[in-house]
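Letters A, B and C mark the chains in the order given here, with residues in each chain numbered from 1 onward.
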Amino acid sequence: MGISSQSARPDPGTLAAAVAAVLMGAALAMIFFYVPTDVDQGYSQRIFYFHVPIAMTTYVLFAWSAVNAVRYLLSRDRSLDMKSYVPMHLGVIFGSLTLVTGAVWAKASWGVWWYWGSTQLNTFLIIFLFYCAYFMLRFSVEDGEKRATYSAVYALLGVGLIPVSVLAVRVSQELIHPITFNRNGANMDGSMFLTFLVSLAAMLALAVSMYFVEMRGKRLDERVRRIRRLAEAAR
Amino acid sequence: MSSSEAVRCSGLVRRFGERDALAGLDLAVADGEVVLLTGPNGAGKTTLLRVLATVLRPSAGSASLYGHELPGQAAPARRLVGYAGHEPLLYPLLTAAENLRLYSALHGSDGAEVESALEGVGMARRAGDRVEELSRGMRQRLSLARAMLHGPRLLLLDEPTSGLDDEGRGVLLTLLEQPGRTAVVATHEPDWFAGVAGRAVAIDRGRVAV
Amino acid sequence: MALVRKDLLLELRSREVVPAMATFVLASFVLFRFALGGDRLGGGVRAATGLLWVAVVFTAMLGLSRAFASEREHRIWDGLLSTPVDRSALWLAKACSTFVFLVVMQAVALPLFWLFFLQEGRPPSIPVLVAALLLADAGIASLGAMLAGLASASHAREVLLPVLFLPFAVPLVLVGVQVTVATISPQTSAMDTLERLGFLGLYATIFALLGWALFEYVVED
């Protein structure tokens, strides 16, 4: 396991970053200049084009992490542990953003900083708590196979949590508040839908490029650690 | 891989975080052999025994028990192995008999052999006493009984003589003297085993010392 | 494999866990009663029910933090793991004994709850509450056995267990309170209640399956 040099192929990280930049630019342009103002909610409704894509990206990141968690448990390949952890970490970042944009949207739409009747917001809150707990777990266990295994196990428990949360909120509602994606989604006209899609793509691209950046950083860390270990053993 | 070979380790590695407790260990034990493991504290003797007891998975390299590769075939290997570790591995609040009955159940048995096991180590009188009330030597003996309960082919003993009184030592010796007894014993007292042990293997820093 | 359950039932001899949980519950109720208003019950039965469920969850976590304590303290895991017993069976046994402890604790807590909080206003349906608690217990026990195993890897395990458990407790409490409180109102249909109880059953099932499948990864070193 020597220190190999990168071959001269286009670095996926840089590529992703470029794509993300382009998409973000397009999305921002569309959100602020292209899309018509919503009749009901006014200008501030545009937050929706940030909030929901970010939220969906968070879920995608979680799914990505969970898939790699399963792969890790089956193969015990340590690189998969990293590939499971990094999306989780990004999920916390995007999750925080979701909560912030959600609060802003709530304030703008309904005048309160949080809306407890919303299925999505509540479900999201639970998932966010889970993300934080994942990190607590990760910080509490020493590095090594055990930490990787436990993280993967907890991530998979989280997979069980998602449907449970959605159902829980739905089943315990006394009144149904239809502030859901469906209302905005199915009823969105062409330009709104397009803007939404572009924004979603932009957020996903952003997540992907951040993933590559973080992975690269972690790989460097790992290499440094390995070099150090070899140096010590040689002494 | 012939299954009359009790233990075969090849390049066995066991990592704990940054530290290699076992760093490429080779060992072969034939059926019927009693092999001692000697070496300083921290050399890796306990780790080796724990890997062989299927309690720890190997990080790299290979280990097999009677032809069963670890960790993949650990399950069938477990029936063939009896492990008595550093600690007595007994619930202090349960009685001696209850502890043994538990382990008997875990091995899929109904507890019929518990009595004879207790007699075998001279503990029959104390069967109804809680482990916390027993002396160190008796706990060691009970631990031996536990390891022997399911009639294993291979015994893995970690410092079995520590804390053992004379009567207990007699029991241990009788146990090891039985013909066909296969055992790997980590000890700081190799001389005491001189009569029963075939050879001693010195372990140092996770490897067999040359 | 159910023989392992005997192992854990025998640990009742230690009398550590159940009395501690019962005392904790009692203390919580006293605290809550005073917090809600010593004289008249501020917030009504709804608030009290919410607090009941919260108390149940916290007490469960208290109990769970000791779940694997004896195995850990005496390195007994090495002994158990060297036997051919199925790793999932170890989980199942721990979950079953936890379930029993929870039920015992609630058997003590419910009469106290009735005494402290249900003396005024319309009470919720007790059979529904009992059913909900039992189902919730199954879920808590399943998940808790898993998480206690995960938490025991760290040095801060007493703190870590609640942290790991709480995200999962939220849906449980949410529905638990809802199903209990809704029975006060005559508008709640039996269908609604069954639906919510069904959810609790589903919760237990999902985490039981996950616990069964994943425990061997928690325990293998």
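Convention: a contact is a pair of C-beta atoms (placed from the backbone, for glycine too) under 8 Å apart; a residue touches a chain by one contact, two chains touch by 3 or more.
Just so it is clear, the structure is predicted and the values come from calculations on it, not from any experiment.
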Greatest Cα-centre separation from subunit B belongs to chain A
Contact counts by the stated rule: is the higher one at A-C or A-B?
A-C
Chain closest to the middle [Cα centroid of all protein chains]
C
Could you put a whole-Å number on the gap between the CA centroids of subunit B and subunit C?
38
In whole angstrom, what separates the CA-based centres of subunit A and subunit C?
31
What is the distance, in whole Å, between the centres of subunit A and subunit B, each centre taken as the mean of its C-alpha atoms?
49
What are the residue numbers in subunit C that touch two or more other chains?
220-221
Touching residues of subunit A toward subunit B in the complex: what are they?
142-145, 225, 229
Listed in rising order, subunit C residues that touch subunit A in their complex are 143, 146-147, 150-151, 153-157, 160, 163-164, 166-168, 170-172, 174-175, 177-179, 182, 195-196, 199, 202-203, 206-207, 210, 214, 217-218, 220-221
Please give the residue numbers of subunit B that touch subunit C in the complex, ascending.
50, 53-57, 71, 75-76, 78-79, 81, 83, 85-94, 98, 102-103, 105-108, 146
So in the complex, the part of subunit A that touches subunit C is made up of which residues?
73, 125-127, 129-130, 132-133, 136-137, 140-141, 146-147, 149-150, 152-154, 156-158, 160-161, 163-165, 167-169, 171-172, 174
Residue numbers of subunit B touching subunit A in their complex, please.
15-18, 59
